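Letters A, B and C mark the chains in the order given here, with residues in each chain numbered from 1 onward.
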């Protein structure tokens, strides 16, 4: 029995401090991204999440350059970008246009420059990998309080705007007529999204962050139509994939190629994908609603997939 | 409905179409002769678009058949020109009106078009025919809805079809523009011997111009001249309940009568429901 | 700057620019931003895998780009770019990271695949790039008219026997082919901005489709040449210059349009 346990949980797993931090941070971020992610899926605004992921690369690499922790870069960069998106009005589905894509391209180019300068000026390689693909193991204990604080802010914001956001997602007009400041609610949501993507970025990297933001949430939305249940399910899926991913990554130090270990972000992302595919089996059993006109990006009923 | 079958541009025979278990079209039959201007009248959801899709070969029928120029199988010989109801032209699209019309001539052929004087002359001629010469070099996406529609008509016409199909071309136009488009189409039909089939949910813009009308209701159709078809007895039989046809200052109103109507709350009432104007 | 191995760089980069300009022209016309973003993501894994097993990067890129193009085309037949596709593409990225982590030079390889690498173009890559580029251009030349008709007026195209699905698949395959040969120079993250920026800028300067395509090529060439020269001089990454130059071209185009509108004010209401 102990041999099998040791095979699954490699020796030292439970006593490693890096694993403790990773598990804790991973779980916390999974909860936060589930809350924000469910709304992102329902509102059909996955594009905004992806864009913030790209911009996060610029912010994070810039932070590296000035020898500040990347988390600061993610947060500051994302919040500014979210503010700009709000002002230009990218909340509307039409936001996915040429101009946005081109601006994102420029910001990615800028990230390339920052990363290059970091490599030469500080002779640290690996900045690119850390920013883009991240590693939950790389989070130091000094960053944990900041992560906890940011998570608390996101959760508090989402709690505060929960009902008006839900209402304005289902029906913009109904919400306005009830006196809800739909614009302010939307702006606060974007703010929460900015922080959530920053947290996802520090956990599994900017390029992969959309998987954490959208994956468990989309899976949950497939399984249940009730928002609260979806959030809880998404959080559970996120935590599960995080923890299993951490275990696998820790174990992989024993796997070929020797001693390197496989990137934990790879495991997490793959597990999220598998979870989504598996949910398709369950979703099929439920009575299918009648096919309506296909919409690409409308922020319509809570049942919509993004 | 007379004359040798092969001279008819379009013949629809006992057409049945089922979609998702519902019968959309039920034994629909009518004929279109060369140069004839026909209006396909029916309220929204009556099956007009489905009928068009079958005629264009984009939808298959459950029973019955469609003969195009005497043939059952559509050949790509551009017998039918089509102007869709909805189209979205990006205002930034780098394409002038004349370029879009040119695509109607040879857009289906592989390769890149070789500019020739003959081609340009033909495009100019089409633009002239739809009164679009003044904005021939403007970007299509920046034209008004009515102007774009005229370009699309030229785009369909340039391939010299024998039948021009227009899906609800009057739907979003004001009365004046609708009148202009109808007059234009009538002129084209007359001058170029092209049959025209327009679908619409309002009959009045077409009344003075149509040679024949195909009236679609509950999936069934009646065809003939306006005098033959737009009558209380004929339409009542078509709708399956009593229908009045009123002439109000020269405007025709088709109104569902009293007695067997129920309003939303389920109360029987004698309120008039305007079926077609 | 123009001698020795740099000759390879200039040659390959020029071919890349021409293809990006031509294929990008149709990408913008069709609004295929998702595919243009997604296919390079997928091909990242292919390139990483190829470098791991010592195979040609172009081969790895090619296999994954074309499969990705096919996959996207078949899946989006259902009418939606759904979560499964998006997640699958992220998995591809993670897979690429995994492959690279097994190789000796993890970080530099990641960097050059994502952001492009000019100096690494070997002389034996010039010929395959030219051949692939030629294929792309030939395909576009053949499909030019029906693709344009189907892109602008899909209903009319369908009425003339042009299947929108077949056009979409053909175009995606061409896009996959173009991605294969352009990624080594510009990088997977930045090929999108070259392919979109040049044609988007071109449309500001002309109303005619064919001219717009030619201008798109010209602008792409300028962007790439500038990027290579600047990268050679400053050692900064090519991708940085491509991203910023593409954005600058687009901005210039927009400004030109605004200024032209102001001059012709009153002539024709928009």
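Just so it is clear, a residue touches a chain if its C-beta (ideal position, glycine included) is under 8 Å from a C-beta of that chain, and two chains touch if they have at least 3 such contacts.
Everything numeric here is computed off the predicted structure, so don't read it as measured data.
Undergrad: Using mean Cα positions as chain centres, tell me which chain lies farthest from subunit C.
TA: B
Undergrad: Between A-C and B-C, flag the pair that has more C-beta pairs in contact.
TA: So, comparing the two chain pairs, more contacts are at A-C.
Undergrad: Between subunit A and subunit B, what's the gap in Å when you average each chain's C-alpha atoms?
TA: The answer is 50 Å.
Undergrad: Cα centroid separation between subunit A and subunit C, in whole Å?
TA: So the centre of subunit A lies 27 Å away from the centre of subunit C.
Undergrad: What is the distance, in whole Å, between the centres of subunit B and subunit C, each centre taken as the mean of its C-alpha atoms?
TA: The separation of the two C-alpha centroids amounts to 41 Å.
Undergrad: What part of subunit C is in contact with subunit B in the complex they form?
TA: 29, 31, 141-146, 148-149, 152-153, 155-162, 202-203, 206-212, 268, 270
Undergrad: In their shared complex, at which residues does subunit C touch subunit A?
TA: Against subunit A, the touching part of subunit C is residues 28, 33, 37, 79-84, 86-88, 90-91, 93-95, 97-98, 101-102, 106-108, 110-111, 114-115, 187, 189-190, 192-193, 196-197, 200, 235-237, 239-244, 246-247, 250.
Undergrad: Spell out the part of subunit A that touches subunit C in their complex, as residue ranges.
TA: 41, 46, 96, 98-99, 101-110, 112-113, 115-116, 119, 125-129, 132-133, 207-208, 210-211, 214-215, 218, 257, 260, 262-263, 265-266, 269-270, 272-273, 276-277, 280, 294, 296, 305-306
Undergrad: Per the contact definition, I'd like the list of subunit B residues that touch subunit C in the complex.
TA: Answer in residue numbers: 56, 58, 76, 78, 80-82, 84, 87, 89-96, 99-100, 103-104, 106-113, 135, 137-139, 142, 152, 155-156, 159.
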